[in-house]
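Structure below; questions to follow.
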């Protein structure tokens, strides 16, 4: 049984009956963390798309770093949500019986779309040539790992590589609205709660998006700086 | 809350004051049913709103969504909980416990679909208010004689 | 079709089929019986046992108190308002989870003067009215119109 001492402490100050939610913040630090992490994902992806779609040459060295940052934070973004559930072992119910009117249930599908169709695919197409080369060069477990990551497609002819590049570009073009959808939807989860006047606003998705772009680009810049300074060595991210 | 200037703002003799017992409003368009991601909060065919304690995942979305603040996380079961309108009592021919035990008989329970029943008769004969009507939740809990300032 | 694409289509198709199969397998039996919820939750809610009992059940054994109570202004007040829920005690009279209420605090819950209470409802300022004496030093609690 969870610790209830704070509830009893509060009960001394009231006459009669109160609800526990009168004295507890039910969405606490973990729920704050989750839109923050998703925002970093969306922002990092926008930075990557700057190079691919809008041809901003200056950010080219950060392209792969930005994609990998997005993937890393995408994978851990559900963790704070999961650990905030009172019954974390029942999380599968969201996927098995999603309630279509619930913004939270539909976010599961937005998340899956972004992770599977946008991020993983783009990274796979971008790294496919490298996976094939590495699987030939390395030994032991690394060789096995890279062979699995090639998904058994070892064709790295000129034509295949050109197709990969076209695929990456197409996915990035789909990916920009998807990144907006991903984080705008997080804003919608909060903005659709009419009961809370501080949240209930149509501007919520926009507010979330802009803070996401700012914080995501800042994060990639920070990681780029740190990874080049400590240990001091040449920049090696995607300079080709 | 200790910094809040309670003493200065307190009116010695208020013009009007009300007891407003806040219970689940059994909304027809329940925000809590709408936001439940798994269908653990649901509206029964006869209009009560219940929680399935064995299916609730404890995401607390319903607690945030309830405009009346009547949803809570039960600290003993660890899942969201709410007034059940005494579903087990009303289905066995009894009144809800709050209605039966109210010392001044201030509460009335009845079938809204029974147009000539005592509840509908009461609703016709009295000035009725619902809480936060602007949110379009269409509550099935009615308050008689309170001011529209009460929210 | 380039080999990358056909391989990806294969993998995505596999994931899709696995997802649909898992959904079909993991979906609770009674889900969707009446709506988007487990139908069994409805029957579970109906079969819960009540905590509160009708006042007449209390009167079956506690005749003396019931007679005293029904003669006075508290005749419409349920025993369980002050004494707590009675279902367990009614089921097995040996168990005693019945509260013996703290007299003055319990009375003041209804009878302490408050602006929101109707003017015709008996209200007092307990501190002035009783000067620290408990209510039951003058009033008979089950029928407060009688005084000792």
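Read from first to last, the chains carry the letters A, B and C; within each, the first residue is number 1.
The working rule: a residue touches a chain if its C-beta (ideal position, glycine included) is under 8 Å from a C-beta of that chain, and two chains touch if they have at least 3 such contacts.
Bear in mind the structure is a predicted one, so any value in this text is a computation, not a measurement.
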Worksheet item: Per-chain C-alpha centres versus the global one: which chain is nearest?
Response: B
Practice prompt. Pick out whichever of the two, A-C or A-B, is joined by more C-beta pairs in contact.
Written response: A-B
Worksheet item: Could you state the distance in Å from the CA-based centre of chain B to that of chain C?
Response: 14
Worksheet item: In angstrom, rounded to a whole number, how far apart do the mean CA points of chain A and chain B lie?
Response: 38
Worksheet item: Just curious, how far off is chain C from chain A if you go by their C-alpha centres, in Å?
Response: 44
Discussion item. By the touch rule stated above, which residues of chain C touch at least two different other chains?
Written reply: 28, 31, 36
Fill in: Sites on chain B at which at least two other chains make contact
39-40, 55
Worksheet item: Residues of chain A touching 2+ other chains?
Response: 97, 99
Worksheet item: What residues of chain C sit close enough to touch chain A in their complex?
Response: 2-4, 7-8, 11-12, 15, 19, 22-23, 26-28, 31, 36, 109
Worksheet item: Touching chain B in the complex: which residues of chain C?
Response: 28, 31, 34-38, 41-42, 44-52, 54, 74, 76-78, 80-81, 110, 114-117, 121
Discussion item. Help me check something: in the complex, which residues belonging to chain B touch chain A?
Written reply: 31, 34-40, 55-61, 63-67, 69-76, 78-80, 135
Fill in: chain A to chain B touching residues, read off their complex
1-2, 4, 7, 19-22, 24, 26-27, 81, 84-88, 90-91, 93-94, 97-99, 101-105, 108, 192-196
Worksheet, complete the sentence: The residues of chain A that touch chain C in their complex are 15-16, 92, 95-97, 99, 116, 121, 125, 128, 151-153, 155, 160, 163-164, 167
